[in-house]
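Shared chain: subunit A. Partners: subunit B in the first complex, subunit C in the second.
Our next item is the complex of A and B:
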């Protein structure tokens, strides 16, 4: 329980830091803190594979990418905040978000659901169990996610198409 | 029936997505992918209708994750109709590149998955698979307004997906199961407020996709900025997918306890019908006008869920077809009038009746169907919705429907007035050109609209058989 509370506080502080920090690099580092404390939380829940994947994929690969982009794009630039259109909306949004969060936490503590009672299946959380699930009954879901990745790849192609290449197209049709 | 048979339409679409990608790679011809996607969607259409004719009771696969029944197959048919229309309308749009048909097929696949979703994993996968290609398509023209539309849709869509996911997690926490079938069994016993929080958050996520009033802010901007064919796809396909999953999620998963959610959805439906149609009145841009009218129609669709009875489910499913046909026809005429531009205002229609009488007549027919004038499909659809509201003993919904319809009629009469107006017609403006794809879509839409209005019996029969997923209870 103590471990959970410490990790939860760390995760929340990290998440707040991402939003509040002025420098993008600081935001990215706060995100690392958040991701790592989440990874340890997963370990406590005996989801070992998820914890390791979280560290390798998010804290490793994706954060490196973030930092690259941040240092490439914003190095030495100090950008001011855009002016708020609606005065004080951040405070109201913050209060509402915290209120909803507290209400949900109270609900979850006072009325634990059935999922807690259902117990862990055999091989839960380790590589063997995950593999059996993903290549067994849940294979179609994995297939759907693969198609989503295809979508993302096509999206990169479509959105990054150089504008120059589009102009000659109708011309070629006229020549034919 | 095996899983492979049941998912045959989906497998066909997946296969043709991959073949189209290969075709793009191997051939430099522009229309290869478009032809391949047309063939793919037509064969999936044939497969769905064939399966529809011999599925008598629901088949469950993946532990309840995929439910193949007449309902899911009917949704397939509607969604494929929307996809075919999009490909035909975007046939000569060379700016979009050869990936356009592939993205449309991916979004169609997401909508088909929403139709057969039987647990929360499939639900979420379907919503994401529908949304991702649409984010890209909205921004695919590389214009400033297109970029704005794509970014707005992406940010708000990701936010609503987050809320939806949170709600689904809470639902799992409260019930200890992912499948809707088990929800129904669990919910009958006294339940926890955690469950309510989960239902509310999941509903927010789904209603966002449907464009119901407190969550409708994105609709006009995204519709206005997106290319016309894509807007048509959003207005028809996305609404079909979201309405299908909403109906299955509430009427199937929470069948036993309609008292919790029925009234809330009823109030939202009335609010949406009135606000959507009211805001459609002052619009000058035709796409914004149709966007607000789409919000109003989402309110009409919500009646079918809020009544939580069999008539409501049938009326919703029926209403999707006349609404979709009218959307197809309206956006086809819009894209013909617009030509190369992405923006069309009401004043662009001025004098169309003189320049292109047939096009104007078709446009008037679909507009009257939107408004629900007798002898069009829209009237029959609204009639069934009204009947469902009265059977459910909810006169408030019926009053809201009538009010929304009257307000909507005012909005639809303005473009009609503009196109019959000959006085200040700008005779130097070029005549809109017919294209083959646009003509096919308009003719199918108008014939379907009038056919549904004059002789709706076969479709009504089909819909009555399709809304049979209550059988499992």
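Our next item is the complex of A and C:
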């Protein structure tokens, strides 16, 4: 109980710090503190694989990329938002995002995780138990998330495709 | 009760071993670099220079701890501590030898033996980047910043290939527990034999993860003064250096555990000595490579990581998966 209270306070302070801090790098650091305290909370819930995945993926990779961008951005001056290249993509993206959210919710209601029906297996939370659940009865979720991630990757490629410009005609120079 | 006392004793002993290991790895590296470059190296303090690390430590501890005017004080002070913490904590899960029996107690030669030990080692080592990035940013100096940014890009890129190269061992052993991985090698032979390509990739990425030549772009002295630790001095500078060397020992220890049979070896030497000998050999290769190869160019480093190491380790990982699952 004491451990939970201490970790909860740390997590809340971290979350508040993200919003309150003036300096983007400080915000990122508060977020890291939040992520790490959440990881230890997972550990207390005997979800050890989730805890380690939280540290490796969020604290170790995503937040480092975040810091990479933030340190680069705060070093130079800010620029205005670039002009949108795809007309109306924000609206379509919003509608589609809501649709996907509804689809996921329906999926969760109709096919709840197998562990809810059958009770927790004895090895729940460690690598073995987690893998058996995810790649066995609950594979639907892995598939859904894989689809979303692939969409995100394709989206990045589309948004960052090189701008096609009318190249100015090279003028022939008279070398007389 | 006795378990807790034992734990504290083990932690203190491990830190003492790592610190001594760091000090003498550094001395050995300087001596060997001297021989590689046809000069003597530090040999004045004590017999054969053996007391040089003590003198260096004293000098570092007594030096003034400087901080630039524009620096972010909190982050600047905390960054090297993060680096050192991440470096030290990884070693907690590495088994240094077979369990020994002492005074009626069975003592495991590691601090903790979790079932996902390998993942925990990776989790802690992935936190080590923060020290470099934050130190570079907090110094408010463009060379430091560039060093920190390079460090984050390089370590994230090479971490992927490193993780993939280890997955083969994970699948062959069928467990992520480091002690069980060693026992699996007792039964089936060292994993370096079926996994020699992943071992080479692991070693290359390990050099990059520890920021050593030829991958020491974050502290390239010819372009960035000293990179992320340009502004640091005294004990905080020492923390960065300690972290680098302990990381070197750690990745060697992990390589030995995963690929080279851990503490296993013929019985005329005790298991822990076999472990030390193997780690020492790998550390020597680290030094040898440093003395041999020049530094990579930055874009070459990135394309090497993403276009060569990552695809090869991924293909080998797929092949191992097919083999282990019985498809091949």
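Keep this in mind: the second predicted complex is superposed on the first by the 119 of 176 C-alpha atoms of A that agree within 3 Å, B and C clash if a C-alpha of one lies under 4 Å from a C-alpha of the other, contacts with A are read in each partner's own complex, and residues count from 1 in each chain.
In the analysis below, a contact is a pair of C-beta atoms (placed from the backbone, for glycine too) under 8 Å apart; a residue touches a chain by one contact, two chains touch by 3 or more.
If you're wondering where the values come from, they're calculated on a predicted model, not measured in any experiment.
In the superposition on chain A, A:97 makes contact with neither subunit B nor subunit C. The partner of subunit A that touches more of its residues, comparing subunit B with subunit C, is B.
After overlaying the two complexes on the shared chain, residue contacts for A:134 are found with neither subunit B nor subunit C.
When the two complexes are overlaid on their common chain A, residue A:56 makes contact with subunit C while staying clear of subunit B.
After overlaying the two complexes on the shared chain, residue contacts for A:117 are found with subunit B alone; subunit C is out of touch. In the superposed model, A:155 lies in contact with subunit B only, and not with subunit C. By the touch criterion defined above, A:13 lies against neither subunit B nor subunit C after alignment on the C-alpha atoms of chain A.
Legend: residue contacts after superposition of the two complexes on their common chain; A:108 is shown touching subunit B, with no touch to subunit C.
Taken together, the two structures place no residue of subunit A in contact with subunit B in one case and with subunit C in the other.
Considering their complex, residues 23, 25-26, 29, 32, 48-49, 52-53, 55-56, 59-61, 64-65, 67-68, 71-72, 75, 126-127 of subunit A touch subunit C. Across the interface of their complex, subunit A is touched by residues 7, 14, 17, 21, 30, 62-63, 65-66, 94-97, 99, 102-103, 106, 109, 113, 121-122, 125, 128-129, 132-133, 135-136, 139-140, 142, 170, 172-177, 186, 192-195, 197 of subunit B. Listing the residues of subunit A that touch subunit B in their complex gives 103-104, 107-108, 111-118, 137-138, 140-141, 143-145, 147-148, 150-152, 154-155, 157-159, 161, 163, 166, 169-170, 173.
Residue ranges on subunit C touching subunit A, taken from their complex, read 72, 75, 114-116, 119-120, 122-124, 126-127, 129-130, 133-134, 136-137, 142, 145, 148-149, 152-153, 155-156, 159, 176.
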